[in-house]
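The following blocks contain the structures, represented as structure tokens.
Look for chain A in each of the two complexes below; its partner is chain B in the first and chain C in the second.
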Partner chain A sequence: MSAASSRRTAFRLAPFAASAAAVLAGIVLLGSPGTLAFWSDQTASPNQTIDSAAGLSLLAAEPVVTSYAMNNANLVSSTVSSSTTGLIPGKLGQRITYTLTGGPTDGAQGYVNGQVTSSAKDAWGAVYTAGYLDAIATATGMCVINPTPTVSGDVLTWTLLPTQGKTMKPGPTVSERTCTITIDLSLPAVKNGVDVARVLASSRGTSTALKPVANFEVRAFTTQVPRSEER
Partner chain B sequence: MTIHTKRLRGSKLTLLSAIAALAVVFAGMPAATTDASLTSAEVTKTGASGVGNWCSVPNPTAETNVYKVSEFPTLNAPEGSGATTAVQMIIVPVIDDASFAPVQSVTAAPNQVGIRLWSCSDLPAVNSTSLKMTSWRSTSYEPSRFVWGQPGTPTVGQFASARLQTNSNPISNAATNTGTVPATELRDLHRGYNFLGAAAGANPQPVTTRYSWLLDAGRTNTNTGADPVCSTSSCRVTPGTGVTVRAASPTTVATATNAYTAKSVTYLAETYGNGDATRCCTPTPSTVADVNGTSAANLLRSSTQTQWVVLEWWGTTPPAPDLMVEVFVG
Partner chain C sequence: MKKPIRTLLVSSLAALLGAVLLLGGAGSLAFWSDTTSTTQDIQTGSLDLGTIGTESFAAATIIQCNETTCSQPVNYTGGAIVPGDVINVTVNVPVKLVGQNLKAELAVTPTKVMPTEPAADVALSKVVSIGVSSINGKPAAGSTTAKLALTPSTVTNGTVPVVLVVKFPWGKVGDSNAAMGGKVTLGATYSLTQIAAG
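Up next is the complex of A and B:
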């Protein structure tokens, strides 16, 4: 009775011994260099031997700043613009356009991550802190931006939101791997009963150069889209 | 039995140690291996924004005592014998309330009525369009005869938003009485079509005692204080022929480029009569007395607390869209 019982026990333990051996082998294999492949061009380590052309890349063109006529002209007959660029209350707005492009031969689809942040300059207090500046962020193409910025002191931050279907897709079609972010800035002629054009004119100073309001910096990178999320 | 039990316990321990070994393997695996993904390098670009240059005049949307001259309503003003002339006119009741505070500092006598023309535009080099702006002391109008146009009826603190309806009734040709329609009377006084009674011997002339000139013949942007002559207490002073937009408007000498301060020219009300029969011969600043808690209905009929300012342009070429007239109490 006792010997038979012992034999059965040894027989049951054999598979566990085998699995423990396999686990140990796995530890050895997984722990050795070169077997854990992942791509990154942020760090240069000897085991990144995979061709970077098959990784992810992102290019940012120089931002383009343009002026656009504001559409509430009926409110602003009192303002005669002298500048053809720059913010003019009720008359001219500014649009900053950032173009991001993924690589045509990237190894995978990419989500656009990152944010746009403002950094205040001389006129920020007069136009933003005083409550006059309208700043609207939009994204078109293969990225999505949260239109509602977070505000921390003088810093506005709009966040890019990785979104299914809005991915940089490698290939010959540029529009499928291009993302355009715009920041539209404008000042109303009148806001909450305040004659903004005159209030700002008196604080504007006499310089003929544009008086800086803020810099808007986009920081972006792409992350691989899992196969299951590709659209 | 006891040994058997011990051996079974030993096999359970072996199983537990195998599970523990597996757990060690999973914990030891790098996260990147379990969720491998590619990441691109971060890119950074910065765009700059700035405030431009402009010239600005007060905006009527924000300042209720600023009126856009080119948007005065048109009326066909009678000129006798059935003839009419198209003019553009508004009539505003002026009291010493907050709505008539100057939009920016101005040099004037205390409570003196005045106007300020604002414009940034280079004005058209034509003299075919004229301006005339006058002010009249109120009188004991019948309260029911006031007819108000847009934007509304006067309330103290917001008198600048009130307009008399400058409708085109027949010319008034009688002294003020309970049947007088104020808008009609003021329109015709301003245009010189109704003197409301003749000169009365040595007494001050009724029209003259109510009349204050703001912008009329003789005054220009380079001679803002010209006054009509009236050498005796019984002389009659009535509005003249107006002045061209070009001559009256802010000078175009100031450069538009970087003209961050708007161009303006101020005309102050002067009068020969403050309701005082002894006044004559020397024009004095035309003022409105403090409101002193008087009701709007009573203010409108007060000869000392209310003046009616009549603003008019006529001609073939509308004034520049940014020509504004500000009416203020200093």
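Up next is the complex of A and C:
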């Protein structure tokens, strides 16, 4: 192809090349964010971090068992025990104390839920099933317990009752986040005309060894108090 | 020069002169006229989302709801949250709309960073939700993207209040124990897009 022929061919193709270039430029212009046919803008807010509270905690101290003198001078057994420990009809009771404490930095107030249960041991039948044992639960501080147990077989269960106002309140004041549960166990000297001490002495025979009555166990947990119920 | 040619030349010049006089002579038109000109500048409007900083965060309140009741709202000052907490935070989004026929759609998309550790952060991030409660006072439901059409007249003082709601569900007993002590990172993206005014 001669040079003149090439120039003529190029001249004929020039309009098409220009059109193609214009289309390409249009595509580029329309496709670029800054040249959209309509306007837009966008932004983002700075992220915010929110912490969850440390939660709730409940610590149960080792139970404390103490003896206490019974005050029933009017009911005197015909048998005078020489023992100074354990349950002594009409004379000595046993008190089991459980102390539950909430955390000072807990994230919310907490209800104390749970229960205290007893499981029968050797002397259970002689003292409880026979109807002699008195077992009373009380609670002070930031919890409430049903004083009357439910009975299922040989198991007694006292239930802790979540109650408005009786809540573990985080903070430096320990009394505001402490609950004390006591189980008082006692045997009367005489019950329904029966000399309990004599009956029990007869049932245990000559053995002087202590006979366990029952195991007691507290199982407690804390649940968050809705703010609408905080007192 | 021959006479016919001279005659033709003279007559042509005469005709041309007449035409020039008729067309070009301002004072010689057969009727009066005048002309003037004016210019009119037309400016483009603008659409702009300003920067959202911490100063854009206005009132924040917190309540707590369990299955049945909610507490009274109080100011939220950034403390740790517990199950049942619901935080409403108002973000004043800077919006500039200029143009008689300008209409734009503000889209708000809540965001949540999903961590991979520690476990408490993961657990908290799973249960805490963020959504849009309202845009410019109009209720907006949804935890994905909420939208509202705006015009210059609906933007007051250059900002559009967007209320975001953060929820930590009350759940069942112990549901969120794993989230104790965790943290969750939340945010939102905003876009403003022109839409047809019609």
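One rule holds in what follows: the second predicted complex is superposed on the first by the 168 of 231 C-alpha atoms of A that agree within 3 Å, B and C clash if a C-alpha of one lies under 4 Å from a C-alpha of the other, contacts with A are read in each partner's own complex, and residues count from 1 in each chain.
In this section, a contact is a pair of C-beta atoms (placed from the backbone, for glycine too) under 8 Å apart; a residue touches a chain by one contact, two chains touch by 3 or more.
Note that the structure is predicted; figures quoted are calculated from it, not measured.
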First, second, both or neither for A:123, with chain B first and chain C second: first
Partner chain(s) touched by A:151 [first = chain B, second = chain C, both, neither]: neither
Chain B versus chain C as contact partner of A:227, first or second or both or neither: second
First (chain B), second (chain C), both or neither touched by A:69: neither
First (chain B), second (chain C), both or neither touched by A:218: first
Touching partner for A:107 - first (chain B), second (chain C), both, neither: both
Of chain B and chain C, the chain that contacts the larger number of chain A residues: B
Which superposed partner A:55 touches (first chain B, second chain C, both, neither): both
On chain A, positions contacted by chain B and by chain C: 38-42, 55, 107-108, 223-224, 226
Residues of chain B touching chain A in the complex: 3-4, 7-8, 10-11, 14-15, 17-18, 21-22, 24-25, 28-30, 32-33, 36-63, 68, 103, 120-121, 256-262, 321-322, 324
Of chain A, residues touching chain B in the complex: 1-2, 5-6, 9, 12-13, 16-17, 19-20, 23-24, 26-27, 30-31, 36-42, 55-65, 75-89, 91-92, 94, 96-98, 100, 102, 106-108, 110, 114, 121, 123, 126-127, 183, 185, 187, 189-190, 193-195, 197-198, 200-202, 204-224, 226
Chain A residues within the chain C interface of the complex: 38-55, 107-108, 223-224, 226-229
Residue ranges of chain C in contact with chain A within the complex: 46-54, 56-57, 63-66, 69-72, 78, 80-84, 87, 91, 104, 111, 113, 120, 124, 128, 166, 168, 170, 173, 176-177, 179-195
